[in-house]
Amino acid sequence: MLASYIPILIFIVIALSLPIVGLAVGWLVRPSKPNATKLMPYECGVDPESDSRDRFSVRFYIIAILFVVFDVETIFLFPWAIIYNQLPIFLFIEMVVFLGILIVGYFYVWKKGALEWV
Amino acid sequence: MNTLEESTVLDTKVLEMNMGPQHPSTHGVLRVKLKLDGEKVVDAECIIGYLHRGIEKISENRSYIECVPYYDRTDYIAAVANVYGFLLGVEKMMGIEVPERGRYIRIMMVEFNRIASHLLWLATHAIDIGAMTVFLYCFREREEILKLFEALFGARLTTHAFRVGGLWKDLPPGFEQAAHKFLDEFPARVDEYEQLLTHNRIWLARTKGIGVISGKEAIQWGLTGPPLRGSGVDYDLRKARPYGGYEEFEFDVPLGENGDTYDRYVARIEEMRQSRLIIQQVLKRLPGGPVRGKAPKIVKPPAGEYYSGTESPRGELGYYIVSDGSAQPFRVKIRPPTFIGLQALRRLVKGHLMADVIAIIGTLDIVLGEVDR
Amino acid sequence: MSNTMNFLKRIFLVDILKGLAVTFRYTFKSVYTEQYPKEKPKLAERYKGAPRLNNDPETGETLCIACDLCAQICPEDLIVVGSQRDPESRKKVLTHYTFDTSRCLFCGLCQEVCPTNAIELTQDFELATYSRSSMLWDRERLEKGWDRIEFGKNYHK
Amino acid sequence: MSKEDKTQPPSESGGEKSQESDSPESQPSSQAGESQEKKAKSSAKPAEAAKSAKTAKPSSSAAAKEKTDKPPAKPARPAKKKAPTYEDLVDDPLLESLQKKFSEGILSGQSFLDQATYTISLEVLHDVLLHLRDDADSDYDYLIDLTALDYLGDEKRFCVVYHLYSHQKKTLIRLRCAVAEGESVPSATSVWRTADWMEREVFDLFGIDFSGHPDLKRILLPDDWHGYPLRKDYDIKLQDQVWIKEHLQIRKTPE
Amino acid sequence: MIENLIIYFLIPFIKIGAIVLILSGAIAYLTLLERKLIAHIQVRLGPMRVGWHGLLQPIADGLKFVLKEDIVPSKADALIFTLAPMISLIPAFVVFSVVPFGPPGMFEGLLRGILSRFLESASVERIVSNPIASGGFVTDINIAVLFVLSVSSVGILGVILGGWASNSKYPLLGALRSSAQMVSYEVAMGFAIISVLLYAGSLSLVEIVQQQQAGGWWYFFIQPVAFFLLLVCGMAETNRLPFDLPEAETELVGGFHTEYSGFRFSLFFLAEYANMITVSALAVTLFWGGWLPPFPNVPWLGFLGIIPPVAWFLIKVFLILYLFIWVRGTLPRFRFDQLMNYGWKVFLPIALGHVILYAAILAI
């Protein structure tokens, strides 16, 4: 029933108006006296020496990819869980196979050290 | 590091970041220039001097008596213990005897100061690692000690505690009861900190195996005090070169094994308990009599030099006093424990994460007033 | 045995629960806070705060004999004692006395050397002002105490 | 303080004195004994200070002034009335072994208040340090402190002082080494890591050069500071005015 | 036509308005509650000056946020810098459109009373019988759980963008931490929720609560481990101590919001507390029976029905919020790699094992 999404839409509009109104009101009343020091990026009181948009390693990519893999798995499990009560035995076996593959992959990744952050 | 990076396809740069001087966890105005690979520390350079006031130069222009309040302001967390070392040196050079009561009270106050200093260290160290509550509990206990300081010295932080030859005044009435009350409650309070920290898995994960340094290396880097003893080196000046009458009291010197942040933490916690024992012994044996010996109005040590080392809460605090026979010191060199210990930061943080830098700075227990003087 | 116990303790988060118990106990305990401007802290008798130049309670004359000892001992040299020799009695008489609280270490050396207890550091600790010049205390203020009304708000009194 | 007073030689007062200069003229106050000492002393600086310091050097123990105004602390105790003096070390195994090894380089071995002091010439300094650390008999593995003294007016103006401690023998010794201005001292960083910042501090405050130091630059003072504050001819008031004006934006600086 | 307008626009509009207002107030006073509670844990008093025991403090704070200068750093990306806090805040609010505060038909009587004055009875009945109109929730969609998960993930984007747009190192690190942290705990959280779904057989939050009523047990009593997992992951997702690494005042100074000030900062601030309430509401709905009293089917506990359902819901949410604050007052902070390790190497296997275990139990 798509109609039940209409209130969500209304909610988004209202929620959007909140910060916009707030920012507008604030813009009218708050002072604005910028100066060079105030506008400087914070780096503990020292002038930043290097740019913060340099490429530096965060070891983030592997985690992000793993996340995609696992999140897709979870998405698959949602519908499975919903109808689980209807044919438990079959679904259980099927899921064990499905998750089994996932778990093998998981341990492979673990042993490979991809889960190490440092 | 560069070679490693060039070999990879996705080449990344080392991020240079300043931690401090305006940073919540650098305990003042320490500035650490971090080179980060991701969050891993590749190199760390300390930049100090933001709080340099030239206290050594000032000393050369003051009489010995006038110097003393300035030494309160080097390590302001442990002002009582700081002044103590200098006065011991001057008294030794002049051959002044401090009456027994004065000596005992001095030791007691220095040990109280040690507890207060360690409490402040624990508070800040804990809040650096995120345990905010311990911070305020420690401050509550420290407040009690500061009240004792206030009652005896008339000031809380920069106490100007001792005078050449003894103390300014005798203990005020009610002091001993207040001290006893504090000492009776204190162990339970320490147990509470330990409940919140020592056994907590997060605390253990944050401190065990962080900033490991062996005893030999710690000596090489000039670490003293709890950081050295955390590495298992039994070097406590109160035992190694007793001064001021410490040999009359029984206490243990807690030692660590692994030389990591956790061991240094345990060593300090244990030291607080030992200090409490010393104070109890002092209070038990406290003799009567004057607190200030006969000292000349004008303090003029004979020409010569003396190195007076004491165990401040932070480590070996030395005063190298050179006299030319006049009323003003020819030179007073302060050997500040954390100025020298801070060098080891670079060695300790390498390879650790950024969050560990904070834990390690905390565990070295630096006071920038003392580092920069 | 102890291994299994430790394992169980880990599983059931005993360490964390113990910590939670400590903080829970404190939630209902009395607070330690002093609400400062409302509640004045009880300072120790010896507290070394704002300076005061004492007068003889009976005669109202200043106790200061202008011996200059305080000015000599002061590490920061912030005390200035001005005196004049009384032509009749050949005694030194205090003419002015300034005390620069902006540089004071509150070490108490001045009150220690004072032979007549004229200069004294009192328990008044609220020394903040809005200007540097008002941190230089003259004889009048040293004798009468500090009148904060000059800052427009009699908040701390 | 009156204006006349202000013209007197540098006392310890900082620049804020100028605030008080408008105060009415005051009579020269009676001088307590102690203050006379102080003022006299500061007027004699730096030349006299250096001279008297020279006498304090270990080589001349006779010059140590006998103190008369010092009362015995406690009559009951065996009073140490006599002021401590430098005494030559006798039967000191370390001194003997050092002299055997470095003969000419070891200038003297004395003790003051039971703290042994060895004076070493600059040429052998580094070798002596290495020897003290590595030799099994001495094993001074811990450099407590490294600092310098400025005997202005001497031929060899500076004196670098090392305090060493042996954790094994539990003894503390002091090494002194005279250095002339412009001479560079071999760095001890290769012997003890902890010498790193200590030498930088000495360089910063005395301007003594340490050869072989990995990163010798100012540590406590800003990099562009002029002068070396702990030298005796560096007046406490005559610090780097240019720097202060530029960086701290203090317009009114002490004269 | 008019009925549809009323059902889908007018009544939701009123409900949303009420929720937004109450939620804003709740957030404001949640900050006060946190400050007070933490203060009392730490033998302090907390705010005392504004109003009686600081009761007006949140209002003063709000005023300050509006009146303070709002600085956009010179190097920052101004557009994203402004948008980021909004992206963070809006999802935090929108999630509440599917959270059931009370049972379906809660407003039946009220609606009937009001509407019958204006409309004929047939249309009144049509309106009243529609759950969206009369239920104790804004709307009931059949994928509510997924909706909550996905919308709350959008909120993290605001954090990431805010950190990046600041063009400063500390916020950037905070943003990166935040994204990695969100990613790591999202998975375990998903598995914890799946365990519940096995029993509930529905993705609608309303239905999940009704299932708990039918079963007579809150799912908490059946799956305490899953509840624990959800709670921990929720703490991680909302950046609460011990997982508050994206902000970590003592390391990253303020993390992603270091450069923010004034009203823009307050939006982040609101979002964080709104998220806290979201997680608590979600946990209550999934595990603590939403609006249900304890053991709803035990006859002699029937007297608990005196307390209205909404109150039950609020009490439970409050208790979980209390737990959040209490934990914050007790624990130290993890290090970042430890956090990731816990997420991937502890919570994920536990959650996986949990799903398999409960699936097996159900199958048997």
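Letters A, B, C, D and E name the chains as they come in the text, with residue numbers starting at 1 for each one.
Criterion: a contact is a pair of C-beta atoms (placed from the backbone, for glycine too) under 8 Å apart; a residue touches a chain by one contact, two chains touch by 3 or more.
Everything quoted here is computed from the prediction, not taken from an experiment.
The minimum number of touch steps separating chain D from chain E is 2.
When the interfaces A-B and A-E are ranked by C-beta pairs in contact, the top one is A-E. In this view the innermost chain, defined by its CA centroid being closest to the centroid of all protein CA atoms, is B. On a Cα centroid basis, the chain most remote from chain D in this structure is E. Taking the mean of the C-alpha atoms as each chain's centre, chain B and chain D sit 24 Å apart.
Between chain A and chain D the centroid-to-centroid distance comes to 62 Å (mean Cα coordinates, whole Å). Between the Cα centres of chain A and chain C there is a gap of 55 Å.
Per-chain CA centroids place chain C at a distance of 35 Å from chain D.
Residues of chain D found to touch two or more other chains are 11-12, 34, 38.
Under the contact definition stated at the top, the residues of chain A that touch 2 or more other chains are 43-44, 48, 52, 58, 118. Residue positions of chain E with contacts to 2 or more other chains are 41-44, 169-170, 253, 329-331, 336-337. The residues of chain A lying in touch with chain E in their complex are 1, 3-8, 10-12, 14-16, 18-20, 22-23, 25-27, 29-34, 36, 38-44, 48, 52-53, 58, 60, 63-64, 66-67, 70-71, 74, 77-78, 81-85, 88-89, 91-92, 95-96, 99, 102-103, 106, 110, 115-118. If you check the complex, the residues on chain B that touch chain A are 11-23, 26, 31, 36-40, 353. Within the complex formed with chain B, the chain D residues making contact are 10-12, 33-34, 37-38, 41-42, 49, 52-53, 55-56, 63-65, 67, 69-74, 77, 80-81, 83-86, 112-113, 115, 117, 141-145, 147, 149-150, 161, 163, 167, 170, 172, 174, 192-194, 196-198, 201, 205, 218-222, 229-230, 234, 236.
By the touch criterion stated above, chain B contacts chain D in their complex at residues 48-49, 52, 54, 56-58, 60-63, 66, 92-99, 165, 216, 219-222, 233, 235, 240-241, 293-298, 300, 302-307, 309, 316, 318, 320, 322-328, 330-331, 333, 335, 339-340, 342-343, 347, 372-373. Remark: chain C residues 16, 19-20, 22-24, 26-33, 35 touch chain E in the complex.
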